[in-house]
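Both complexes shown next keep chain A, but they swap its partner, so chain B is in the first and chain C is in the second.
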Partner chain A sequence: MASNPMDQFTIVPIVPLEVAGFDISFTNSALWMTITVVVSSLFLLLSIRSRGTIPTRGQMVAEMMYNTVANMVRDNVGSGGQPYFPFIFTLFMFVLFGNLLGMVPGSFTFTSHIAVTFAMAAIIFIAVTVIGIAKHGTRFATLFFPHGAPLWTAVILIPIELVSYLSRPVSLSVRIFANLTVGHVILKVIAGFVVALGVFGIVPLAGLVAITAFEFMIAVIQAYVFAILSCIYLHDALHLH
Partner chain B sequence: MEADAARLIGAGLAAIGMIGAGIGVGNVWASYIQAIARNPASKGEIGANIWIGFAVTEAIALFALIIALMALFG
Partner chain C sequence: MPQFAQIDTFVSQIFWLLVTFTILYILMSRVILPRISETLTNRQNKIDDDLGKAEELRGKAAEIQSAYEHALAQATETARSVHRDAAEAIAARSEKEHGELAEKLAAEAAEAEARIDKGKTDILTEMRDDAVEIVQAASGRLIGGSVDAASARAALDAVGK
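And now, the complex of A and B:
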């Protein structure tokens, strides 16, 4: 194979910057995050601007995204979930556009870095815990013990529930990071087959087209799952099972 | 044993973890099709939730794959 499939994930500083011993360079990852924010904001602002009764194509897409997240929050967070809608919507759009822009050839997929996804997952985890404690106080601890279970099972259940609660940010971040990383690695590896096989490269090329389509599906599904799991965690904090 | 050979064998062994995820994802879709065959009206309601089950199960395969990649490239 000509090049290492992991090369596409290298972080390159564009504007080297160092403050008090910390490397805070403006990297290609930061550049693509900025592009994602700009593109998603511009898309929503421009497509909604006409506010037509008969929507244009862009307005329909924007309304569809809004409706999807609004339904998600209504169904999964339940009562008292509305104040958190802007956060979930921002999260969804950021991850969705990040994943989709990452599919542009030559671009950089910042969601394929555990540092980025874990930062988001950690913010969600801490926020959800703080919201739960602020709303329920010490009753928040009942989250770790299912209602109605016999008391003696607490010895087994509380550690299990505690571990499952603490592993949430890990599984949330690793899921999206692994999906995106592996997807892009597979694309690169199969692209290597196309070059290596010469004329017969047409066979892996056809497969590559299918896998590219599959990766777009994964990009959307992972954004959706990331948002919906945040909703479910929020539901647990607000309603305690 | 040479370190390189051990690394490759380890990556292969790590990929065994995907067997379980394969069974799991198969189960998710099998139950989905069974459910909508029994009650086609519930398609819309199940359709949204099936992706959560799919993604959560699929993540297990990816954990195994990440370990394999770490063994190969790490």
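And now, the complex of A and C:
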């Protein structure tokens, strides 16, 4: 294990690859994305294998995840949200399993990289904007001016709303990136204390156990928040506030 | 921080993100989600079906119950009327027989009375005749004369009054 708590985030190429001048090497990040896809798909496929009317334990978990996201889409996107359910579900599972697999010792957490989280946030942002404009045309601009406000306030409100709208992908991506990065750094730093303190390392070790549990909670919450904010943005695009 | 230091890896990260995410999206939307939703729909259908069946059976049970109660009420009514008819018939026959017996007894009693009366009259007549004879004989001995039967009878009648 590296002693520098930042080393766990280093991207290491596994299979160097270059296409049209772009470096698209298969790295440890790509490996864990692949593992995430395989594990989340296999988990769901195996747990719903029996397709029983009376569900098995695994099936209960899979159906719970399905219902959680289905309710999230129904409550936050509202009418017309059904076509986006598979996307939101995929997003939730991808981030959730990415976060959780990142808790495996020695693994790599791709969701702790701003490049990945910002790419996801940007795709959601662009998609939501395109959907909004395609659905409402120029009326989409009313998203930046609250209905019923006095006209003269437009001078203040429109820049504020515009900034808040444009900052969405930034806040969405930085939130998860920062949470995951800081969590893993803290784990690594305190783990360093355990080793350094020898016998008395039992004290930080106890703390480490608690923080590990806390990080599992963060992993789930951040996945949930990421998916639910995507739903809310989608709602704005579909219904304009 | 490698997140900001390794800018040369951004293209690779985003490329593999798109590849893996697309694969997962296709797997989810084509295979996994339809299966889960099918299972959930089937379960809901089964539950609705069973509830419908239960409702139907309950209706049938209520029907049978009401038919049973109806039949029971009818049977009770029939039994009651049979009982009443029988009781009436018995009462009528008993009254009739009672009357006949009373009539017969009354006739017999009247006949017996007539017979007793006749016997009594006969005996009284006989006794009177004997008394007349006794009077005649006694007066013959006492006064030494003979008293005829008519005088004796008149004297007896006067005493008997």
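Going forward, the second predicted complex is superposed on the first by the 239 of 241 C-alpha atoms of A that agree within 3 Å, B and C clash if a C-alpha of one lies under 4 Å from a C-alpha of the other, contacts with A are read in each partner's own complex, and residues count from 1 in each chain.
Simple rule for what comes next: contacts are C-beta pairs under 8 Å (C-beta built on N, C-alpha and C of every residue); 3 or more make two chains touch, one makes a residue touch a chain.
All values reported here derive from a predicted model rather than from experimental measurement.
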First (chain B), second (chain C), both or neither touched by A:171: first
Residue contacts on chain A - larger count, chain B or chain C: C
Contacts of A:90 with chain B and chain C, given as first, second, both or neither: second
Partner chain(s) touched by A:45 [first = chain B, second = chain C, both, neither]: second
Which of chain B and chain C A:6 touches, first, second, both or neither: both
Which superposed partner A:221 touches (first chain B, second chain C, both, neither): first
Partner chain(s) touched by A:110 [first = chain B, second = chain C, both, neither]: second
Partner chain in contact with A:57 - chain B first, chain C second, else both or neither: neither
First, second, both or neither for A:182, with chain B first and chain C second: first
Common interface positions of chain A, toward chain B and toward chain C: 6, 181
Footprint of chain A on chain B - complex, ascending: 51-52, 54-56, 58-59, 62-63, 65-66, 69, 73
Residue numbers on chain A that touch chain C, as the complex places them: 6-7, 9-11, 13, 17, 22-27, 29-30, 33-34, 36-37, 40-41, 44-45, 48, 51-53, 55, 59, 62-63, 66-67, 85-87, 89-90, 93-94, 110, 112-116, 119-120, 177, 181
Complex contacts: residues of chain C adjacent to chain A: 1-4, 6, 8-18, 20-21, 23-25, 27-29, 31-33, 35-40, 42-43, 46
Chain B partner contacts - residues on chain A that touch it in the complex: 4, 6, 171, 174-175, 178-179, 181-182, 185, 221-222, 224-225, 228-229
